[in-house]
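Each of the next two complexes has chain A plus one other chain: chain B in the first, chain C in the second.
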Partner chain A sequence: MVSLKELLGSPVILLALSAEEYYQNAYKTARELQDVYGSLCYVSIEKPACDVAAELKAAGLRANTLFVAGPAALAEKRRKTPEIKCSECGLAIVDLTVGIFGLIDRYHPAAVVIEPIAAIAKHNPEMEAAKFIHYLANDSRTHKRALVLICKKSELKTKFVKDVMLFVDKVVSD
Partner chain B sequence: MTDENADALKILSGNLLTSKAEQSAAVITNKEITGVDLSLLKFFIGNHSYNGIILCIDRPSSFYSRLMSENGLKPPAVHFIDVGFQSEPSENVSVISEEPGDLTFIKIEITRVAQRMRMKAPDAKIFFLNDCLLTLLLYNDEKVVGRFLHELYLKLRELNVYSVTVLQPGQPINAIVERMSDRVVKID
Partner chain C sequence: MARIMVVDDEADIRESIKTVLESLGHEAFTAKDGMDCLEKLKTEKVDLVLLDFFMPEMSGREVLERIRADPKLGKLKVAMMTVARMSEAGEAAMKKLGIVDYISKPIDLANFKERLRKILGQD
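The block that comes next holds the complex of A and B.
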């Protein structure tokens, strides 16, 4: 597991996690970041926002300073966590913009975690997905907000993640 | 205001905002673009108290600010998105330093600004002005620009923002924009 020290001090970080216990480690990282930064926006690309909100709460994150963006769940499968502010959004770049920046511009979290970033490129042209990450990275630096981009270790060699590496300040691997 | 601009304002008044469902318009004109811009600003801001988002690619935000102040237009809120200019970013000016070919950054910024304005004022009337379509076409092919506009305008509809695109007659992209627009107005 990555030590918290490695995630502090650089505004934009790419964190590569092993596929085994991927979510457990991602949530643990989120909890540690929330402890340090106070408020956190967690963006899930593959799991519905309400499910992730429930899982993050179960992993020990504080609900009142946690904001979650991600795809919508089917109504009948929706897990309810009304105490956590969730933004359900599509995965096209404009939808992610509305979902993520809706939370950032309203609640001003001190740190943002996005996982898994490679999934953004599955739903959008790679170049557009890379520019979206670039925009987020620039915006995070401008507003002194921490940004942790999470990918699976196996994705480190993909062209998209290699492109993303150009915009980050540090790459950390577990 | 010249007679020509007054005529343009009359045409806009007779043709735009005629139904509550209307959320976009294409304005086709062979007149001087700044005159048509002024008529549009007078129509939306002066006559109908809209807030605005203005995409600034051919002229910087300072030009539109001056145009508005010289003509006594005091909008409740206008946000400018300067693309490719060395402007100073501020609360109501976003600056995209990349060339106008970078549609992704432009799309993200417009969507974000529209959402922020909507969050601040949920009931406000907001319009988006795009008078620089031909310049976007200098940097990108027609299909790319068409997809960009389609994706952007759909999102602006969701955010209840009225989109206005200024077109020059006879351009191949006009058919795409006219189809996306609820109203098509000609100012000759």
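The block that comes next holds the complex of A and C.
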């Protein structure tokens, strides 16, 4: 597991996690970041926002300073954790932008986690996905907001993640 | 006078840069994307490639990696033309791949001329 010290001090970080216990480690990282930064926006690309909100709460994150963006769940599964502010959004870049910045502009989280970033390029042209990450990285630096982009270790050699590496300040691997 | 290839997926941009290069007395070629660039480099002898970063199918980073992997093109000068702001770590990674300079888009003509002179060793 990555030590928290490695995630602090650089505004934009790419964190590569092993496939084993991927979510457990991603949530643990999110909890530690919330402890340090106070408030956190967690963007899930693969799991529905409300499922992730419930899982993050179960992992020990505080609901009152946690904001979650991600795809919508099936109707019967919705709103397990109404106390957590969720933004259900599509996975097209324009929808992600609206979903993520809707939370950022309204609640001003001090840190943003997005995982797994390679999935953004599965749902969008790679060039658009890379531009989106580039924009997020610059916006995070401008607003002094921490940005932790999570990928799976196996994705480190993909074209998309190699491009993303050029925009981050540090690459950390577990 | 140098032979310079402009690689950009946006036709207006590559044509306007080509026009600027020609007005400076250079011989300019264009390529519409990374694959087109790599194909043309097989037959065209050029002194410098001005390479856009954000392109469909193949990013500027990937084109650069492929150029460096080709023994015939290993020493070719490549400058990245981009709106992208790389991190320090990113710039270091690109320098390792032999990027000679970064040129910000949109192009500032005075700055562009100056950098081009330096890149081409015309100081």
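One rule holds for everything that comes next: the second predicted complex is superposed on the first by the 173 of 174 C-alpha atoms of A that agree within 3 Å, B and C clash if a C-alpha of one lies under 4 Å from a C-alpha of the other, contacts with A are read in each partner's own complex, and residues count from 1 in each chain.
What we mean here is this: a contact is a pair of C-beta atoms (placed from the backbone, for glycine too) under 8 Å apart; a residue touches a chain by one contact, two chains touch by 3 or more.
Since the structure is predicted, the reported quantities are computational estimates derived from the model, not experimental observations.
Visitor: Please work out whether A:131 is in contact with chain B alone, chain C alone, both, or neither, and reply first, second, both or neither.
Guide: In the superposed model, A:131 contacts both chain B and chain C.
Visitor: Counting only touches as set out at the top, which of chain B and chain C does A:110 meet: first, second, both, neither?
Guide: Neither partner.
Visitor: Figure out whether A:98 sits in contact with chain B (first) or chain C (second), or with both, or with neither.
Guide: first
Visitor: Which chain, chain B or chain C, ends up touching more residues of chain A in the combined arrangement?
Guide: Larger number of chain A residues touched: C.
Visitor: Between chain B (first) and chain C (second), which, if any, makes contact with A:72: first, second, both or neither?
Guide: Touch status of A:72: no partner.
Visitor: Identify the partner contact of A:59: answer first if only chain B is touched, second if only chain C is, both if each is, neither if none is.
Guide: neither
Visitor: I'd like to check the shared interface: which positions of chain A are touched by both chain B and chain C across the two complexes?
Guide: Touching chain B and chain C on chain A: residues 127, 131.
Visitor: In their complex, what parts of chain B are in touch with chain A?
Guide: Listed in rising order, the residues of chain B that touch chain A are 102, 104-105, 107-108, 111-112, 115-116, 119, 151-152, 154-155, 158-159.
Visitor: Taking the complex as given, what residues does chain A use to touch chain B?
Guide: 92-95, 97-98, 101-102, 105-106, 127-128, 131-132, 135
Visitor: Per the contact definition, I'd like the list of chain C residues that touch chain A in the complex.
Guide: So the residues of chain C in touch with chain A come to 54-56, 58-59, 61-62, 84-91, 93-94.
Visitor: Chain C touches which residues of chain A in the complex?
Guide: Listed in rising order, the residues are 12, 125-127, 130-131, 134, 137-138, 159, 162-163, 165-171.
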